[in-house]
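Structures given as structure tokens follow.
Each of the next two complexes has chain A plus one more chain, namely chain B in the first and chain C in the second.
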Partner chain A sequence: MVDLARVQKELQECNRDVQVSGIRVSPKADCITHLIGSIPGPLGTPYEGGVFNIDITLPDGYPFEPPKMRFVTKVWHPNISSQSGAICLDILKDQWSPALTLKTALLSVQALLSAPEPDDPQDAVVAQQYLKDYQTFVGTARYWTEAFAKASSLGIDEKVQKLVEMGFPEDIVRSTLEAVGGDENLALEKLCSA
Partner chain B sequence: MQQQSAIQAEEAEKIPFVGDKEPLSSLAAEYKAGGSPVLLEKIKILSEQYAAIRRTRGDGNCFFRSFMFAYLEHILESQDRAEVDRVRANVEECRRTLQKLGYPEFTFEDFFALFLEQLESVIQGSEASISDEELVKRSRDQSVSDYVVMFFRFVTSGEIRKRSEFFEPFILGLTSASVEQFCKSAVEPMGEESDHVHITALSDALGVPIRVVYLDRSSCDNGSVSVNHHDFTPVAGNNNSGGSEAVNPFITLLYRPGHYDILYPK
Partner chain C sequence: MTFYGHCFRQSNRQSPIFALELAEPKFMSSDSFLGVNLAGTMSKKRVLCKFFAHGACLKGEHCEYSHDWKDPSNNICTFYQKGACAYGSRCRYEHVKVYQSQSSASSSSKTYPSQYTCSDSIHAARPPGPVLGTVGHVLGVSSEAPVINRSFLPSGEPAWAENSGHGGIPEFSGIGESRSLNPADHPICSFAAAGNCPRGEMCPHIHGDMCPICGKHCLHPFRPQEREDHMKTCFQRQKHLEALKHSQEIECSVCLERVLSKPTAAERKFGILSECDHPFCISCIRNWRSSSSSAGMDVNSAVRACPICRKLSYFVIPSVIWYANKDEKEEIVDSYKAKLRSIDCKHFDFGNGSCPFGTSCFYKHTVKPGSSLWDSTLMPDLYGSRILDVDEAESSSDEENRDVLRELFKHYRPRLPIGVEADDSSSEDLDVDDALAPFLMLGALDMSDLSGEDNVM
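Our next item is the complex of A and B:
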């Protein structure tokens, strides 16, 4: 059984200092075991200026078992799958502890953006590029940040139009965008899985 | 790696978190088939002083789990209220330590509450009182047992961080990690094995002496065999009575490389 009282307290604590940390966590729909987190890209990295959304699922054994986290926003990083968003980070696996929280876990993910570990890659292609052609890696990572992590700077009508052009009905697009807080990547994911 | 841990997990499942009390002869039986003569000799020496053994699951939490059961069982049998009051004061001190170190309250409060509840329940004479049988049952119930183990991990980590200058040289002897990294990677995650650093810190934090008896293949140069033990005696100034006077540990653990079980003196 997930410790729901604890999760509530975690959400309160995290959202209290969102101005300082920039880390947000909120429940996805009504279910508190399925959350969405977001982290700002660290300054001085190719991810600067982007906001990255992370899908969080709490397993039954939480907080004894680590939260399952996955990037929803596409990101070019040696330890994050460019395909699935899977994250390779020890504290999300065997180094997890109930002493950690969703917020500290997201801070660690943010630190991972600043300090890639290409020798322990999740995405071999990205890791190869990082090691062999660092300049191209930086260029690609920056381009992906521009293309995918800054999309929320578009106006709501532009987002609606983009999604309508993909073939989704406008009323559903609007309500879905609203439900995910205006994030078009999340909206697209939701529309596709509906 | 994953396969290895899967096999370990499967092996561990065969033993409950905390086993039944068994006569010490069951230890010798383990080594009968092709066991080293040194070990058998040492077990013989052990059997002069110790009557029984209680095994714990080898899941990396065995030290904390052994300590949990041995401590609560001691209180259950001794009904030592003074000890309960003393340890409760230390627990409150540990709570303040974690607060000062900046741990959010919600990360540890449930674990503290659950331990204090167990402590309360082994004292007889209230509605919540439990029997020895119930204590064994709870120690095998993950939703109690793992919470108490995690409580000890919090206490241990807090003590190490609080006295980081004292613990740093010992930690450097084990790994190249900093005190902070050590606590994060080797103390706070469940399933991380305990070393003398953990035992020292827990014993100091709670003010509870612990005797560890070592059973390994080592012998003296002249071929004579003896069984070594080490007493972890809490340092003074940690809210416990004195420090220089020799305290007779009421908790005795048997250490075999990589694992701790509980020993019962005769």
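Our next item is the complex of A and C:
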């Protein structure tokens, strides 16, 4: 069973110094085991200026099992799948410790953005590019940040507007956006596949 | 009345009934002394009801004990008389030695054991001067009618009767005599020891010296051993309380709660890691260490490591207090290990099971005769060379083990293994000590090596 008291404490703690860390965690819906976290792209990296949303699912064993984290914002990074958003980070797998919190885990993910490990890649294509053609990698990463990580900082109404203009009915757009945690790209994907 | 007192001293041995009648003409007829039961109820009526004293006697008027504040209370600690009062000088009840009263009781007549001693002690107790008072002293005392009434208490209650000589009416009897004999035999005032004696200077008891630690007047001036014991326990308690106070603030890094503020008592314990100094509550750290590999975590590198510093620890020590320094930690660890050593290992099961921790197990491994290990390995060796080695190498600490084992196996007669000639004389020679030798060796092996696997998860 998830330690709900601890999760509540973590959320309070995290939201207290959100101005300093820039890391936000909030429940996705009523259920506290599904959360959405967001981290700002680290300065001096191609991800600077973007805000990256991460989908967090707490397993039953939390905090004795690591939380499941996945990027919902598309990222061009050797250790993050450009397709699924899966993160390759040891502390989210076998090196998890119950003394880590959602905030510290997100900080680690943020650190991963500024220090890629191309030798232990999650996305082989990106890793290849990083090793062989670093300039192109930086360009692509920056382009993806501009295209996906900044758009998501739009207000919800603007996102709805944008999708409605594409020809989807407004009520469906709103519910889909809500379901994916406000990410317009994911909502578009979902709307198209529906 | 003055005459009665004198009479007591002269004649009580020969005619106790006469003396009694004189003393208590109103309450007791001579008839009442012929019926034991009647005497019993009478005496009970004269002892102040414990419950009444606290305003909580449910029996009311039907209570067999007195509900009159004038009557004295039976304030003798029966645990002390049995030799085991845990409160020592802090006990709220009188610590009266049983042998004193028995000796004096035996000197009195058998039928009314308390009469002689009671009356005698009145004389002895009241006068501040010489114990064996002159007639003048006796007269002075005896003229106080209530003194006689209060102290004259034949009783049907065994504990009471036993002690009526010296401790039965502690306020008035016993004091003079015991003070004159040896002040150490006299109990200190329990009211003063508890904080406040309403009688102050008038109190007939010794008021204890003030304990510098707890601030109570509970140090017996004439019992150095008891003083020392009290100071020691008081100091330890003080230390414990301080440690507890420091521990209050400490949070578990896993559940993020204060360990000592958890809802249930079982959770309000720290789990101390052997190799580092990071605080966790016992349930969190045990939960983490027992979390299976389902999450894909490596048992040796992740799960057994401290969640904070990732230093590997092989065992966790439960403790209600958090330590302030290395020595305190060592003390906690040592006392924990000592406690485990006295508990039989359930895996080992007296030789029937197998303990995964083997010789590094913290628990006690004893082999019982008839267990599978006993049958398979130890019996043949009884006649082998190992016995001699063990016997020679036996240390003094094994003596204790040997005694325990001898006690355990005193009805055991060693069986001879198949193939060994059952020679009568040889089996006579084989005494219990020899039969026990392998166990002693086994014990020595088990206890000597305590490092290794984590068996206290």
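The rule is short, and it goes like this: the second predicted complex is superposed on the first by the 163 of 194 C-alpha atoms of A that agree within 3 Å, B and C clash if a C-alpha of one lies under 4 Å from a C-alpha of the other, contacts with A are read in each partner's own complex, and residues count from 1 in each chain.
The definition used in the following text is that a residue touches a chain if its C-beta (ideal position, glycine included) is under 8 Å from a C-beta of that chain, and two chains touch if they have at least 3 such contacts.
Predicted model, so just to flag it, every value in this text is computed and none were measured.
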Give one word, clash or fit, describing how chain B and chain C relate on chain A after superposing. clash
For A:W96, decide between first (touching chain B), second (touching chain C), both and neither. both
Kindly classify A:D120 by the partners it touches after superposition: chain B alone (first), chain C alone (second), both, or neither? neither
Under the stated touch criterion, name the partner, chain B or chain C, that contacts more residues in chain A. C
Identify the partner contact of A:E146: answer first if only chain B is touched, second if only chain C is, both if each is, neither if none is. neither
A:E170 contacts which: chain B (first), chain C (second), both, neither? neither
A:E10 contacts which: chain B (first), chain C (second), both, neither? both
Considering only the touch criterion stated at the top, classify A:D133 as touching first (chain B), second (chain C), both, or neither. neither
State whether A:F64 touches chain B only (first), chain C only (second), both chains, or neither. both
Using the touch definition from the top, say if A:E178 reaches chain B (first), chain C (second), both or neither. neither
Quick one: classify A:E158 as touching chain B (first), chain C (second), both or neither. neither
I need the one stretch of chain C that runs into chain B once the two models are overlaid. Options are 135-143, 207-215 or 261-269. 261-269
Do chain B and chain C touch any of the same residues on chain A, and if so, which? 3, 6, 9-10, 13, 63-64, 94-100
Touching chain C in the complex, chain A uses residues 3, 5-6, 9-10, 13, 59, 61, 63-66, 93-100
In the complex with chain B, residue positions of chain A that touch it: 3, 6, 9-10, 13, 63-64, 90, 94-101
Per the contact definition, I'd like the list of chain B residues that touch chain A in the complex. 5, 103-104, 106-108, 110-111, 146, 150, 153-154, 157, 184-185, 188-191
Residue ranges of chain C in contact with chain A within the complex: 253-257, 278, 284, 287-288, 291, 294-298, 301-302, 305, 307-308, 310
